[in-house]
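Just dropping this structure here.
Chain lettering (A, B, C and D) follows the sequence in which the chains are written, and residue indices restart at 1 in each chain.
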């Protein structure tokens, strides 16, 4: 398998199942990988935000990498998040990911430290210099509180520092700017993936190469159908599938105002995987508040409505 | 030495000197510790924001802890930052700090992950359950994008979870609320330290116990004089000293708009320590842009003006 | 002409030409209206952000209303912005707009005052109770610092308070939520217009009724072609037109970092209209910094490139 | 009465009493002015945020000006807010205030429009060119979403554009920077007033000239005692008074999470004035949610505790 073509298709960020005492549940994780592969996904992204990477100690991160890469064994590319505050810390995670056999890494802009755009460029250059495998930029302003500009991304693409972008900024005009300017500059090997799981048809319409959908854990078949419809030019079918997934999405709000929005969304994804029989426990990492029985009942209603259970 | 009394006095966050190839410069770090102790400080805080903790890999963090704790050898309390995204990752740093012999740890609210106030409480409770040494909350909204409320802090103080607060929020009314409600609830062992180095006289006037001043690396004697003047009730002298330090502070802006504000401030502190002969290199960590020769010349002007060189 | 059908099509926000001494240039304004009508637009929106409404005293606002409504004379619907801090002040503008003969009004959420979602609902209900003509909600978080939720909009639509939405939030998933839930609740008379001029094809694809494009002042024919292509189902042509307009759009940045982003964009629109011979002066309102000769030369380059001069 | 000396002392922002049908209650307003004058205040500030200026149509604003200026008749200086989005609109309010006889005006940075620091300077220069009476800058980032820098303020002070500052930013280090640099540049006629009613003793200690306390509506005597104690150098008494007022302040939170924070605070001030017999109705302007009976009972408890009823 070669990765000369840019990344494309459906590459879900893989949830990290935990046991009730909050160790990585490797048996469930393996089943989740099978569930996604059986759904027809084109790659996997481990240790991203949806994987609760911010809550996983380094030991857990290593277990996830080893489990997934061992099980996938090259069937599809596996990207690894290397989420940490700045390049010198990120590089430590890169070493682990490379050693485990990841096909690419995904890094955000610096966070906690307040940096300058020129420093963000140095950050990615430093990471790439240590990686030896493709580096994808993860644009996630809601977590890191800065936005990656098209100028920066395309400069780093032209330098060979970045192999692509996962855009979870929600800024569709910004996504389109990257896509159009990539075309103008003939940076065809730079992959543009959207992380906005509710506008996948329009992102693909604009020219994006694929999607990294958190909700794809729950319904990988749906996102694969969406992508395949778009690929064959059946945009009506792509839109219909997207609208169906749009109606499933509000399960992320079942936790309501009594917990963080991340906790509610991640709890709902895990509850759905539990209810679908894919993972053994819906446990989320500390300090997240767990969904209660009523919340989980509402997740079940969403799944029933979508004929997923 | 017992620490039954709450923390108080001047406890500077210790810069982390680096060699030109960006390893921890332990010789310089030891001299910096001596410089601070000679200045009369009441404690040290390593691995805080001013220590470039966001830029230090775990190996560097351990080197800093071992170097400082080994050299101080109990002369003053040494607190250690345990800065990471959420409790499960923070706990790994806590273990290292405890093993190294730290007298207390300093933890922020979660960051990167979006959390709920109830989850911030669980975060601190989880950390405290693993620490076995005093836990101080570090209120730093500019880095973590949430503010610790007086309600939360005092609840955790009453539970015995928190031993104190380092308030770097810049919210002086909020600081005063904690101080007054601490008094009302007789939580006298809960230490309140300000991290706002430009309003130390007024913070002490309101009832704060001490200060954690980044600028204290450059001029520890000044902050110690300020604190001692306030302690003996000579507020005029305290104010005069604070105003003198206020005029030294703008050295943090020498880097101008061409780098991040953190880079400029940390670069200036290190340049000043280098110019004063305390450390061997003014190197800052990647991906920060270094000060140039003109910037350093301006730091020198500030030091001359303040008769510090 | 009846307006029983919801608003649709291309409804540009009309720039407000000024004389060199910063009075409303009514002759230029009339020519601008003709330019837009000749371009085939479906309606006009006066006194919006692109009209520099925040910079126009009440006397100027009245002049704009009287000039445009007198000149249009019912050829197309004319909506009027009624931009002010809260309902009691907005209502004064509503009275003027109604008296002048506006076909609808456009109001934002409260600003300056910090309000609660329930208060935003009361704000719109109060406005509608005084209007007697259709009220459109203007979602513009960048100016008013709060976001209108789908819950709020659809509740007010169902109550008959709101006739539609102009969504300038840039949140395409939020726009789609309104569109899909409007369909589910059969609120077919509630118009959904996007104000995001760079994603019009995808907004129409999702089900939006039209667009309110600031750039439509410069190239109304382009937006009309885009809308008409989408209306007849020729999405390829719509996308090609959108991509062409996308490449024209960066003229808004010619002012660079030395002025506000609004000043640069509004200055560029006016410079383009001046260069195209539509208006007599490119003057913008105080306290905006004007474009300089180099900036205007760059606007000219954009127009040449787009074959608009 | 001459105003050659800079403004100083206690200058409360005057609440605007309303009748149940939300007209200006001029009889109550007159009594409120008497209540404040009897409390010993040094001036009055009408049409500020605490006056619900964002909710008052122009007609109401004029009524307030005429009522207060007519009643005060020169006993103390009366400043008028001229709150609007940008200079061209502010100037209309300035004309009304000047005609009514105001002794000075108070203007914020532009809002709604996104501006550049250089444009904020032009904004204030434009206002001053039309005023002919002293212009005070009102630094209120929570409402206008930009911060006035010391550089800007002192430049405009040196130019003679600004007569002073009302600092409601909560940034005490920034306040101190203005105070110290004012001293260095010998801009002694530039008044610095704090709007932070919980840190008045420390602001005066740093060198501020006075305070504009919203809570001063409820307890003007307290703020006057605080200021007078500081003026005679009895800082212990000033602090004790400030701490007493600090404990009264949380009445602003009685409205809880079911309304905006402004609504809760302004509702509580009006309820307190009603309960103290100063005004006839606690009515707040639309679209604010009113306090309910329980909320008002809690305001009463605060007043009882403070021996104000």
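Operating definition for what follows: contacts are C-beta pairs under 8 Å (C-beta built on N, C-alpha and C of every residue); 3 or more make two chains touch, one makes a residue touch a chain.
For clarity, every value in this text was computed on a predicted model and none was experimentally measured.
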{"item": "Where subunit A and subunit C overlap in contact partners, by chain label", "value": "none"}
{"item": "Selected from C-D, A-C or A-B, interface repeating B-D by over half of its contact pairs", "value": "A-C"}
{"item": "Farthest chain (mean CA position) relative to subunit A", "value": "D"}
{"item": "Subunit C-subunit D separation of Cα centroids, rounded to whole Å", "value": "35"}
{"item": "Rounded Å distance, subunit B centre to subunit C centre (Cα mean)", "value": "49"}
{"item": "Sites on subunit D at which at least two other chains make contact", "value": "none"}
{"item": "Category of the chain touch graph - line, ring, star, complete, other", "value": "ring"}
{"item": "Each pair of chains that touches, named by its two labels", "value": "A-B, A-C, B-D, C-D"}
{"item": "Residues on subunit B engaged by subunit D in the complex (per definition of touch)", "value": "170-173, 176-177, 180, 196, 198-199, 201-202, 205-206, 235, 239, 243, 246-247"}
{"item": "Contact footprint of subunit D on subunit C as seen in their complex", "value": "22, 49, 54-60, 83, 85-89, 91-92, 110-116, 118-123, 125-126, 142-145, 258-263, 285-289"}
